[in-house]
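Take this structure first; my questions come after.
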Amino acid sequence: MAIRTVVWGENIHEQTNKVVAGIYPNGMHNTIADALNGDGAIHATTATLQEPEHGLSEARLAETDVLTWWGHKDHGAVDDAVVERVARRVWEGMGLIVLHSGHFSKIFKRLMGTPCALKWREAGERERIWVVNQGHPIAAGLGEHFELENEEMYGEQFSVPEPLETVFISWFQGGEVFRSGLTWRRGTGNIFYFRPGHETYPSYHDANVKKVLINAVKWAYNPQNSFKSIHDAPNVPVEKALEPIEERGPKLHEAGEAGYR
Amino acid sequence: MAIRTVVWGENIHEQTNKVVAGIYPNGMHNTIADALNGDGAIHATTATLQEPEHGLSEARLAETDVLTWWGHKDHGAVDDAVVERVARRVWEGMGLIVLHSGHFSKIFKRLMGTPCALKWREAGERERIWVVNQGHPIAAGLGEHFELENEEMYGEQFSVPEPLETVFISWFQGGEVFRSGLTWRRGTGNIFYFRPGHETYPSYHDANVKKVLINAVKWAYNPQNSFKSIHDAPNVPVEKALEPIEERGPKLHEAGEAGYR
Amino acid sequence: MAIRTVVWGENIHEQTNKVVAGIYPNGMHNTIADALNGDGAIHATTATLQEPEHGLSEARLAETDVLTWWGHKDHGAVDDAVVERVARRVWEGMGLIVLHSGHFSKIFKRLMGTPCALKWREAGERERIWVVNQGHPIAAGLGEHFELENEEMYGEQFSVPEPLETVFISWFQGGEVFRSGLTWRRGTGNIFYFRPGHETYPSYHDANVKKVLINAVKWAYNPQNSFKSIHDAPNVPVEKALEPIEERGPKLHEAGEAGYR
Amino acid sequence: MAIRTVVWGENIHEQTNKVVAGIYPNGMHNTIADALNGDGAIHATTATLQEPEHGLSEARLAETDVLTWWGHKDHGAVDDAVVERVARRVWEGMGLIVLHSGHFSKIFKRLMGTPCALKWREAGERERIWVVNQGHPIAAGLGEHFELENEEMYGEQFSVPEPLETVFISWFQGGEVFRSGLTWRRGTGNIFYFRPGHETYPSYHDANVKKVLINAVKWAYNPQNSFKSIHDAPNVPVEKALEPIEERGPKLHEAGEAGYR
């Protein structure tokens, strides 16, 4: 069965900015979904900010294996309840790919627990993305590096937690560096941040970027992704202890009582 | 100068439960603070849920190097604004030691970005804490393991992010294991979670536990702990680029305009 | 195509010790290979210490995707040249699963760069293996824990480098704990250490152990596993720099000269 | 007491190459030692390849807290026995700072278990070193970045294990990036790799480089650095088990017998 992937797009600049509309006439989300659907193992659909529940109902998320997230202009417009819902699905095992300006999305900051801030410059400069972890599945089929002739600069310090693995580091023409591909796991969900994708440049039409997106969805996919127990803090009664023990000393809770949360 | 440490205590069960009041007549926070003040390099004071702003005003936090956190009965009573304030200080470099049932505190869940759930059993069973990282500063002066004859059991899976380092793992009489000492960094702040400390047992009177608390405060302390820039996402204008570049291609932002957050 | 797996066995105690021969009449390596071949995606063959080049010729390793390693009685008998050959294949992307007493094998110590020492007791006690990383592919299909009624005890401190991820932690009846499932990457090769498997107990006949072995081979498998360039330290001449630069200052090397190694 | 630091230098090019001798008339090792001794908390002495046992006798290493290592021209001339001796001291808790071309030293490769290879170009180009982990003690007192106007280029992929933390990333004028400051722990010893320091440029006279060296020695220093037990694999007899157990099942070893290594 194909990997059920939802490509989430903020879909504002495509509607309001002629440059962006020119590059992505069907919206960035559709360009990204088309790229993913170019691989037979992935079945991608889209969701946008403007849809009810931003297109991310409980029912739909329950049937989503991997979610990709691009937003920029109005992170604040995303409903907190939907953010929490997505976070719960990630903990249960849904993969999450956060793209470019999504570093400041509510969902990314929620899962990282840090500011996720960085330097930036919008000058259409050259970005060279180096693979620093050659065997990583997300880098499969790439050379040692690839280039985007025009991109926005993002510079360190990128205030995210130390990653599980650093996959890409970018060199920028103006003199900065950036950890452009980072992985984490939160709960049982795999998370990948991928830097490129400023909306005034055609980055999501780039063959190497598309390859990374496809690789990332496959890497993030966990066939077992409905770990509902991740949310639970079960009491194990004395009589059900795996080794026989006797209750000793004073206690707070009556038998069968739930813990405090 | 001594490490300015604030010991935060929820201070509920000490006031409402005779067993807890008997073990900690001055409150757990004072017992912990006394333990820390037993080391000349630390200057510990206390703060409690009941104080205005829970004792954690902006001004006080600005002069705090390390904060320890114990709560259990009423995590929900902690003001969200104070939680956010503490999170910001951690990102700026303040150390944070989270104790026992503090695993479900708002501040810990905020910084971890995960459920922080676990199994539990209140049976006064034996806990044996093994040092799995012998050279770690937090384990200084301990043997290979130490025991607490009566403790609450916490069992895996503990749904926190993969730590920077695992320092302790507990063995429980009833058959479970638990990663009892874990480190992370969030922003520039060091975070340590330490498992023992159920309020119906005298764990904070234990000499080894006290040693760990002292070690942890010293480890978490960062002399440079006011990194205000951690919150910023500065624009670097083209004319101030470190390497000379020319602006190319279309852009969204006018010169001097702030980015979207 | 199936994952080409070689199961390496020391094959000494099966020939010299009646108890071991009784449990593993065809040798532990064949029991393990049979378990792996029970999964259609894996094609496992065996190699032993006694074969020429220990069954690990250059040609065979070149066509091996994943190697599993069990040794105990005579680690010293393994030829250093074969150890180095295996290390190179791991760096190039071959997966490696190190089993039980293999913690002291030359190849594991070579790749870890540490003593890889631990405590031990041969008393046939109960081991309970807890999954501490529920979504990890190596734990797929397991419950929260599983038990082996008779096993050798291995206890911390296990002197290996901090792992990429901790998958399993064992509880032992005699009071110890051990990180029983750990992952690392070295070069482009995935490495997994799995604790159980003392030769006087039937652990490799256990259904859960077999499941872990199968999962581990699939996890360690990297379809791209011939990164020959991992060994190289290429010079990039000035005239081939990706950005135009001029040579400045004095230098040691003449054009085209190799670096020192 | 000051941190007892030994600065090891290969000391070949200073004797044979006029450019290098001009920049480091007393040898690179003495320049580095002088820099370290500029900080009152450090007491640095030197050792060189040419001395008996390369200046690293058992007795001297036993009284060394931190060792720094610079070599380039003749890594192969370092005695394997001395390499093993240094590795053992690192496992016991001695800190190790590996500098520049020391990436190919026997001791670094021994402790990493990987090729430690990289790209290089000797063109005197500009290197800009970015701090990607602002609160890290090794970056104390630095700005967001610092520059070395003339340095050798080292480029990714740098085939070392995923580090504990990435502290610095370098930008090079010719288009490459490199993880210039990485930390690991091996056994109980802290290890830091720091990239700059090609012998034909005056990098060790640079104020920021000196600051990093001082910070790194302080970070690597572990007051408890004689963990002899790190090498041991002790048997725990049944009668000394922490919890009462009975011996069950067959076994290989007679009581009191040592394990196989």
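Read from first to last, the chains carry the letters A, B, C and D; within each, the first residue is number 1.
Please note the rule applied: contacts are C-beta pairs under 8 Å (C-beta built on N, C-alpha and C of every residue); 3 or more make two chains touch, one makes a residue touch a chain.
To keep track of the chains, here are their UniProt names: A, B, C, D = Trehalose utilization protein ThuA.
Quantities reported herein were computed from a predicted structural model and do not represent experimental measurements.
Novice: Touching both subunit A and subunit C: give me those chains, sorted by label.
Specialist: Joint contacts, listed by label: B, D.
Novice: Given the two chain pairs B-C and C-D, which is bridged by the higher number of C-beta pairs in contact?
Specialist: Higher C-beta contact count between the two pairs: C-D.
Novice: With chain centres taken as the means of their Cα atoms, state the distance from subunit B to subunit C in Å.
Specialist: Inter-chain centre distance comes to 36 Å.
Novice: Just give me the whole-number Å value for how far the CA centre of subunit C lies from that of subunit D.
Specialist: Chain centroid spacing, subunit C to subunit D, equals 27 Å.
Novice: Give the residues of subunit D touching no fewer than two other chains, as numbers and ranges.
Specialist: Counting only residues that touch two or more other chains, subunit D contributes 128, 134, 155, 157, 162, 164-165, 173, 175-176, 185, 187, 230, 242-243.
Novice: Treating touching as the only link between chains, describe the layout with one word: line, ring, star, complete or other.
Specialist: Graph shape, chains as nodes and touching pairs as edges: complete.
Novice: Looking at the complex, which residues from subunit A come into contact with subunit D?
Specialist: 128, 130-134, 144, 155-158, 162, 165-166, 169-172, 175-177, 179
Novice: If you look only at subunit B, which of its residues touch subunit A in the complex?
Specialist: Against subunit A, the touching part of subunit B is residues 13, 17, 19, 72-76, 87, 91, 101, 104, 110-115, 117-125, 150, 153, 155, 157, 159, 161-162, 164, 173-176, 184-187, 199-201, 230-238, 241-243, 245-253, 259-261.
Novice: Over in the complex, which subunit B residues touch subunit D? Could you list them?
Specialist: That would be residues 93, 128, 134-135, 137, 140-141, 145, 164-165, 173, 185, 187-189, 222-225, 227, 229-230, 242-243 of subunit B.
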